[in-house]
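What follows are several structures.
In what comes next, chain A is part of two complexes: it sits with chain B in the first one and with chain C in the second one.
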Partner chain A sequence: MQSNKREKKEQILGYFFIVPAIIYMLTFIGYPIAYNWIISFQDVTAKTLGSAARDFIGLENYKMIFIDLTFRKALLHTFVYTIGCLVIQFSLGFLFAIFFAKKFALSKPIRGFIVISWMLPVTVTALVFKFMFAESNGIINTILMNLHIIRQPIGWLLQGNTAMLGLIIANSWVGIPFNMLLLTTGLNNIPEDIYEAASIDGASKIQKFLKITIPLLKPTIMSVLVLGFVLTFKVFDLVYVMTGGGPVDATEVLSTYSYKLSFQLFHFGEGAAVANVLFVCLFLVALVYLKTISKDEVI
Partner chain B sequence: MKKSIALLTALAMVAGTLMACGSSTDSSSESTVAETTDNIAAESEAPASTDSDTASTDGRTEITFWHYMSEDKEGKYVNQAVEEFNNSQDEIYVTAQYLPRDELMKQYTIGVVSGELPDCGMVDNPDHNSYASMGVFEDITELYNSWEDANFMEGSINSCYYEGKLYGLPWGNNCLGLFYNKEMLDAAGIEVPTTWSELEAVCEKLTTDTCKGLAISAIGNEEGTFQYMPWLLSSGGSVTDLTSDGSKESMSYLYNLIEKGYVSRECVNWTQADAEKQFASGQAAMMINGPWQFSGLADDAPDLDYGVAKVPKADNGEYASVLGGENVAICAGANVEASWKFLTWITSKEKSQDICKSIGRFSPRADVDIQEMFADDPLNSVFAEVMPSAQSRGPSPDWPEISAAIYTAQQEVFTGQKDVDTAMADAQAKIDAIGSK
Partner chain C sequence: MKKLHLTYRHKNILLSAAAVIIACIFLFPLYWIAVNSFKLDSEIFASTPTLWPEEFTLKAYKDQLGSLSVTMKNSVIIAVGSMLLSLCLSVPAAYGLARYKVKGMKLFVLIFLITQMLPASLVLTPLFLIFSKLGILNSYLAPSLSTATISIPFIVLMLRPGFLSIPKELEDAAKIDGCNALTAFFRVAIPISKPTVITAACFSFVFAWNDLAYSMTFNTKEIMRPMTSAIYTFMNQYGTKWNSIMAYGVLLILPSCIIFVTMQKHIVEGMTSGSVKG
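This part shows the complex of A and B:
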């Protein structure tokens, strides 16, 4: 009884400690989200933006965007882009992580070097890749032509498919070190003695990898994948700078389309609706993540 | 408890989304990298604004003026003018603030909701109507009507009117012309093209493996539409009838230049500044561009010997140009009186003439004789001659959507996604649908 009371007291004290954080989150995160949901149900255009009384039009904005071809393309592109990036950056990032976990000379400086690409501002990366993918004078075409892999220069960012590929490559360049870093930390946290014990029991290298490394790394892998998904799915700056969603709508993703609707065409309601679709997609992924995490914690 | 913390974490994880796309019109949506870098760029250039000026602000009415004339080029002259104004009287102190164009436009929209607008600012003239309809700007009709010195060219002042009321003053005009590399034309022994078929012939002669005949911008934004307009108008086309023969002819003509390799296909990703880089580096023998590029060309290629001519006309058409430029306006809820004093000072005959000349614009005032002013200047005189007949875009609050339909059609054709007939018909359908919404 006594201890129960004290526990309660401590709990109340605990709430006081998180009050500032909660207030912060409600104002700076909660408010914009709520506001965005509200305007997505309103008729908000250039003419009604300034007026306080805007008509509630129910799901009209959502209806409009779902019959909009560009929106459907943007939704598809966002998934293609995200999955493409995840596959490349996770698999290569994992390989690098295992590689650098072997503590050879210079492994640390080289690893540090690779991380630079992750630390660059995305706008810079985007501009650099835009130049590298240029049809004439772009270094990628020059190299490929000198190696006689292609005969004619490719207009990388001028056609839909190659433009998307270019974006995926650019983002993977940033994403690989990010994946590598997190996975390396995970690998380092697996105690050496487990491997030693396995060696004594006569486990092969492949067995050790599949039965020890992978299961013990599972929480890290999950976080890397989910974080990677969230970060990639909400891409804006890279696409905006590299292709601007073009040519035509070939690389339009949800975030750039939402921006375009809101700030170039002044269809604020529809822009908010697109952003909310993006929000819902990510929220679902985050929930799945939390579910798997809490399962692991119970065990 | 654990669950709700988990839920909050989840919320926090996805929250960045909404902010990243900036669709939320709250000003806290500025945390994306792209915007941050923009802001850093803006801030790092802030010291160049009038803060460093010696005039004290004590007891003076302070007002802010937003503009998008980049600090290292035209912006210098804007700051100079502002400083001159601050020193010329002791009632008002103006602080000029540079923001990149896209950022500035976004801040206006955000400002309508958050109420954080400057006192006065600059706006691209085709967008003026949209922002006026949004309520960004103050109605200054009465002030204007009682202003003795009001004397602007009709096309320019018209772009400031929305539903019969005046929401701003013209700041500076520009239009497009054909820049040509004299050395290349002389070496090939050819004359400056004046018609479309001559242009094509010149392009054919000047296009080599390393050099394109002509550089244009056909990017997917207002710049792309702006650049397309002279061609559209010259062949008798119009934005209200994109499916007419004249309209289609202009699009087919440009596509033909790209198909033949005279114009780089990359123009769909090029801004006008990118086109200037191509021309300056000798990778294009000619370009379509405006007088604001003179200072850039002087920096990038000081030795380049170039000339300017009118944008070639359709073989059976007339010369045409499109009116570009900026207006200045007083923002809603701002200090109207002080702002009006500043804006009427800076758009007065003498000042308008000075500042426009230094920033590569032409004074929009009817009492400034730009042709006489630039009579001895072979480059500017071409633009000065074209200026009076330059046609404005809009004015219409729906212009951004009309423009989007046009540049999209242009991109569809140039990238080979649609043929001219389909692209133009689709664009026209989009424009027709705007009114019915």
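This part shows the complex of A and C:
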């Protein structure tokens, strides 16, 4: 009886600490997401914005966006961008992690320092890359021309394909150190004596990498890739500032297109529908992520 | 053939040199922001970019002073408001999840994990409609309330392991000395976790300070804009005034850089624990 009462008191105290934050998140993220689904079935324009009674129009908004060519392009671009970023930031991040895992005087300070790019406002990152990729007097064109790799200055952000490449490079500047950091944590968790035992058995460096590092790092690799997917797929600031979705709509992604529909064209219903497509994609991948991490550890 | 044997010292120097070169290339954009903010228009427009200003000048900064006083004030108020709000909610939540065995704990952690992954662009439209109904568009409240949602889950996930590692006996001893649950939290748990709580405060400040999407959408009036959306508008109007844009950029990255340099170790640790697991 006594212990039961005490347990109950513990429960109440626990809720007292936890519940305010939960209510906050449900109010400002959970409720808006649910509300977003309702908006996406309504006819919401600048005119009907203030009125309480908005017409339900069923799947009309979804029909509109799926026959919309720009939406289809945005969906494709989001995947191209995400996969491009993942390939670059994972492979280079992995190389960096292995390099900085070597023991030398400056390894730790420099490894720690390059992570700074993750802390900077994406707005500024986008602006400086836009500046560096500029056609006339951009530093990237100047360097490439001095190295005789290109003859004429390239308008990087003025053509569809190169603009997408520019975005991927700018995002990787933030993504590489982040991937490196998470992979380093994973590498440090591999016990040193496994490598020593393998050395005694005469294993080569490549053998050790393929037979020890990769298998033991697999859970980390999985979560880095899936988390990277979620974080990259939701890109907004970078694209919005660097290319604004242009030239024409060559770099339009789901988030920028949703923003454009809602806040520039005032088709709030369609904007909400595009955001919901983004939500479904993210949610599916997030489920995979939660499954992978809950296998390794108790959440 | 004689095999090349590098002594440890040689190897150390060689690898360190390689690391310095990598860092210089990698951090070049940072240098480029700073160095171009000290150039004159004419030098920016010159056909070949210069690696160091021919004429070192603060003109780009002086040109911006007028608008900066307003936008910087807005940025500070929004970021501090967001930080206070998010600390008040997330620190107790992290503590509660670590200290008390409550029913539905897994669900709570899951809610933080999931909401952390959902981006601003998902909730921009509905939050805009909600805030416009509440009449808080173009106020400090709208961006502060919304940016706090970025840091709350991050801080909860980041602080929980630290609170878990505080021995329970410590608090039990405090309770014998007359502490209740609340004073145990304020007088025992928080002082012990001081470095990580300070790191958490820094993260929430920086997240709000860095935000563009929320503040740009909710605060459309020029007088209420923070620096991020002001620099964006400025770029659209004067796209080639790169020295002014970079001067603005320097001031925008300054808080993050100062915080990062002074408490690098804590920041880097916090990044991993805050973004990965519970």
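Basically, the second predicted complex is superposed on the first by the 268 of 299 C-alpha atoms of A that agree within 3 Å, B and C clash if a C-alpha of one lies under 4 Å from a C-alpha of the other, contacts with A are read in each partner's own complex, and residues count from 1 in each chain.
Basically, a contact is a pair of C-beta atoms (placed from the backbone, for glycine too) under 8 Å apart; a residue touches a chain by one contact, two chains touch by 3 or more.
Here the structure is a predicted model, which is why all the values come from computation and not from measurement.
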{"item": "Partner chain(s) touched by A:I221 [first = chain B, second = chain C, both, neither]", "value": "neither"}
{"item": "Touch count on chain A, higher of chain B and chain C", "value": "C"}
{"item": "Touched partner set for A:F16, first chain B, second chain C, both or neither", "value": "second"}
{"item": "Touching partner for A:I212 - first (chain B), second (chain C), both, neither", "value": "neither"}
{"item": "Contacts of A:I39 with chain B and chain C, given as first, second, both or neither", "value": "both"}
{"item": "Partner chain(s) touched by A:K102 [first = chain B, second = chain C, both, neither]", "value": "second"}
{"item": "Partner chain(s) touched by A:L182 [first = chain B, second = chain C, both, neither]", "value": "second"}
{"item": "Partner chain in contact with A:T123 - chain B first, chain C second, else both or neither", "value": "both"}
{"item": "Chain B versus chain C as contact partner of A:I169, first or second or both or neither", "value": "neither"}
{"item": "Contacts of A:F113 with chain B and chain C, given as first, second, both or neither", "value": "second"}
{"item": "Overlap of the chain B and chain C footprints on chain A, listed as residue numbers", "value": "25, 28-33, 35-36, 39, 49-50, 121-123, 136-137, 230, 234, 236-237, 240-241, 254-255, 258-259, 262-263, 268, 271-272, 275, 278-279, 282, 286, 289-290, 293"}
{"item": "List of chain A residues in touch with chain C within their complex", "value": "10-11, 13-18, 20-22, 24-26, 28-33, 35-36, 39, 44, 49-50, 96, 99-100, 102, 104-107, 110, 112-125, 127-129, 131-132, 136-139, 142, 173, 176-178, 181-182, 185, 223, 227, 230-231, 234, 236-237, 240-241, 254-255, 258-259, 262-263, 268, 271-272, 275, 278-279, 282, 286, 289-290, 293, 297, 299"}
{"item": "Contact set on chain C toward chain A in their complex", "value": "11-12, 15-16, 18-20, 22-23, 26-27, 29-30, 32-33, 36, 44-49, 89-90, 92-93, 95-97, 99-103, 106, 108-115, 117-130, 132, 145-146, 148-149, 152-153, 156, 181, 185, 206, 209-210, 212-213, 217, 228, 231-232, 235, 242, 245-246, 249, 252-253, 256-257, 259-260, 264-265, 267-268, 271-272, 275-278"}
{"item": "Of chain A, residues touching chain B in the complex", "value": "25, 28-33, 35-36, 39, 46-47, 49-51, 121-123, 130, 134-137, 155, 157-159, 230, 233-234, 236-237, 240-241, 243-248, 254-256, 258-259, 261-266, 268, 271-272, 274-276, 278-279, 282-283, 286-287, 289-290, 293-294"}
{"item": "Contacting residues of chain B [partner chain A, same complex]", "value": "2, 6-26, 28-29, 32-34, 37, 102, 105-106, 109, 112-113, 130-131, 133-136, 219-221, 264-266, 268-269, 283, 332, 397, 400-401, 404, 408, 411-412, 415, 417"}
